[in-house]
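Below, each structure is written out as structure tokens.
Look at the two complexes coming up: chain A is in both, with chain B in one and chain C in the other.
Let's look at the complex of A and B:
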């Protein structure tokens, strides 16, 4: 059976193989996704992010387990753009610790940086499509690190859960503008720690200050390690999806995400075009030499490069 | 007097203003840099990076002070792509703590994220050019954070100093492949801490394992807070520049950096072209709608967008 059919059929090994191919920017994988794209859109994609030490992976595990009780098929993508100075050990722990890996109804995949952050975002979005075709009802995109790039990746989900922890205290105001806005649901994890209600109140107050919100995101207190409040969180995640569908917002959000994705894909294609053209022409090398010699400035150099690709078939 | 002339004349306020304009992607600033680009290339650009807690900003301060004793004009760009979850407090400290800010022969500028990481890299490279025209003999690009994007920014320097600290111990092996390779000089800072010689030895051993190195980077032990070993480090920085010039490597490195910069600029221009075109045509909106409805896949959507800009003037 062909890889495409096996994936549609829910074959785990085909799924794993296709995600690897997507990570390697394999052309056959892209063709398969193109062919099967009409089978996507059924999964509820949930982004999970928050500050370091928030217990994101434990919480994701518990959510997955709660959904497994309903016999839902679950995919988890752990996104980890490894710091250049710490290696990938965190990610290793993530995979080792999860007993979910033994559950055939759950597909877990870790995504590290492949040279480039843009590449990580692309690989993640490709993996979401593969898991969607594979038949997942729910797909979690969980960030291990917490940089801007991860926030951008999580934004591509249908529902974004922002995990907070008590003791963040006054620092909530230090959370970068634009980050709070991506949260559809707030979960104050480790709520057995001192200060949890205060943190929850502070989040609510911050949300109240935003007059442009059509829907007030719920703020929950949970303890993922003790499985407390997780059913509640699952309910809120489902409620958010219903809201999005009823208010016709799901379509809007997916359109906006599609737009971002198309632009990124176009960007990448054009760059590869410039590099291919350069290989045959040596133009870029010559111009770069001129820039280094201060014979031409980089901005005029850019214009020359753009001129050079104007008349070739894209 | 015009802004361009004032900058060439070494006017600090003109310099500050132009860097701000560059950060805001101002067209007039680009025109000024184009006009004055032939006056760049004289500064020795030094990148400083390393793991968190390495004492990067203290070390940069001491290096700047050592160079000030020789009456050199120094620029410092502190690059801080603020984490979405921690705000910009580190950067504030950086600026407050530095008494260098009072020295008229030193120009310090902090660069935070402006919405986009690509933007940060571009703003930093623009600022380097402005400081070069301004007449700086040395320009430090110091990273506050330590993500992959910062490493990429630091790579654009003529000389890269990687700061390490004792106690990193076995973790040196956890440093991401490709990161060690960017170091032209290694400085083990805080060398009064236990384990400093061991760390230095480990770095040397790792460097020995790389057979492709034409020049073995020196590994120094320093204590920036006590100003110990800093003259040595300054010497090594200068020696590296001499080596680069004599071996004709400076030109090569600057060519390669120019190439990366030109490609990024072209990328950005093309995206802005796609967005401008979209405004008048609504094409991107329609196609994104189609993708969200699963009527067309994102890869075919990309091809349509690329087709649409083929015949317009870039």
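Let's look at the complex of A and C:
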């Protein structure tokens, strides 16, 4: 049977192999996704993000277990950083999910960022599509541990759960721009630690400062390791999806995410065309030399480079 | 090869000594590989399931409890059942010399005992990949 049929059939090896192919930018995988794209869009894609050590993997494990009780098929993509020096990585998110390994209704895949910034890997969106075709009802994307500006996840997921933990900073941290703006749901994890109610209050105050918000994100206190507050969190995740569907927001969000994705794909293609052209013609090297020697300015150089790939068909 | 080699580093059995596994994981990382670390006390079934989902090129297991003669061949067998016999399987830990021929016969490609330089493991993986 062909890979495409096997994937539609829910074959785990086919799913695993296709994700690898997407990661390695394999043309055949792209063709398969093109062919099967009409089978996507059924999964609720949930982003789990937050600081390193905040409990993203543990929380994802518990959420997946809760949804398994409803007999839902769950996919998990867990992203960890790739070394910028060696290209290697330690992908350790499975350590917190070992009970799920034997559940045939759960598929977990670890990915290295492979040089991509923003909290995800370049192939994450492709992997989401593969899991969607594979038949997952829910797909969790666990980002790398984020700092203040990794917000790719909001352009990929239907719902973003932002995990915070007590003790990371004062209320000024809470009103800064960046990751604090992307949560559809806030979960203050490790709520058995000192300062958890204060952290939750600071987040609520931050949210209160925005009068234009159509929907105020809920702020929950949870303890993932003890499985406390997980049912609430699952409820809120589902409520967010119903809200988006009722307010016609889901379509809008997916449109806006698609726009970002298309631009990104186009950008990658243009860059690869320029680099390929450079390999054969050396144009980029020549122009770069010219720019360094002040013979041509970078803006005119750009026009020249774009002009050189104008007639190439993809 | 323009893609990173993917390796599952696993600790089957009940011993909690993961220093060796972590040293190997780190060395493979520094050699440019993607290392999926699964943590302690994994059953052969859990290891095989993870290896399939992660589509790894190599499964590297470490045991210090003496259960290697039971657990290593079990993983090889389950991988074969899944049709994943293109995955290189290696083992390490406190393995008596006398046990090594039997384990190799069972399908464990190589065994690395205490004192092995990490470069030996890296070289072995790079030259013996099955795909």
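Note that the second predicted complex is superposed on the first by the 270 of 314 C-alpha atoms of A that agree within 3 Å, B and C clash if a C-alpha of one lies under 4 Å from a C-alpha of the other, contacts with A are read in each partner's own complex, and residues count from 1 in each chain.
By our rule, contacts are C-beta pairs under 8 Å (C-beta built on N, C-alpha and C of every residue); 3 or more make two chains touch, one makes a residue touch a chain.
Owing to the predicted nature of the structure, the values given are computational and were not obtained by experimental measurement.
Mind working out whether A:139 is in touch with chain B, chain C, both or neither, as first, second, both or neither?
Neither partner.
In the superposed arrangement, which partner chain does A:265 touch: chain B (first), chain C (second), both, or neither?
A:265 contacts chain B only, not chain C.
Figure out whether A:219 sits in contact with chain B (first) or chain C (second), or with both, or with neither.
neither
Mind working out whether A:151 is in touch with chain B, chain C, both or neither, as first, second, both or neither?
first
What residues on chain A does chain C touch that chain B touches too?
In the superposed arrangement, which is not itself an observed complex, chain A uses residues 82-83, 86-89 for both chain B and chain C.
For chain B, which residues are in contact with chain A within the complex?
Those residues of chain B that touch chain A are 30, 33-34, 37-38, 40-41, 50-52, 81-89, 113, 117, 146-149, 151, 171, 173-176, 178-179, 251, 254-259, 261-263, 265-267, 269-271, 274-275, 284-285, 287-289, 291-294, 296-302, 305-307, 309-310, 313-314.
List the residues on chain C that touch chain A in their complex, please.
By the definition above, chain C touches chain A via 2-4, 6, 25-26, 28-39, 42-43, 45-46, 49-50, 52-55, 82-84.
Mind listing the chain A positions that touch chain C in their complex?
12-13, 15-17, 19-20, 23-24, 82-83, 86-92, 94-95, 98, 101-102, 107-110, 112, 114
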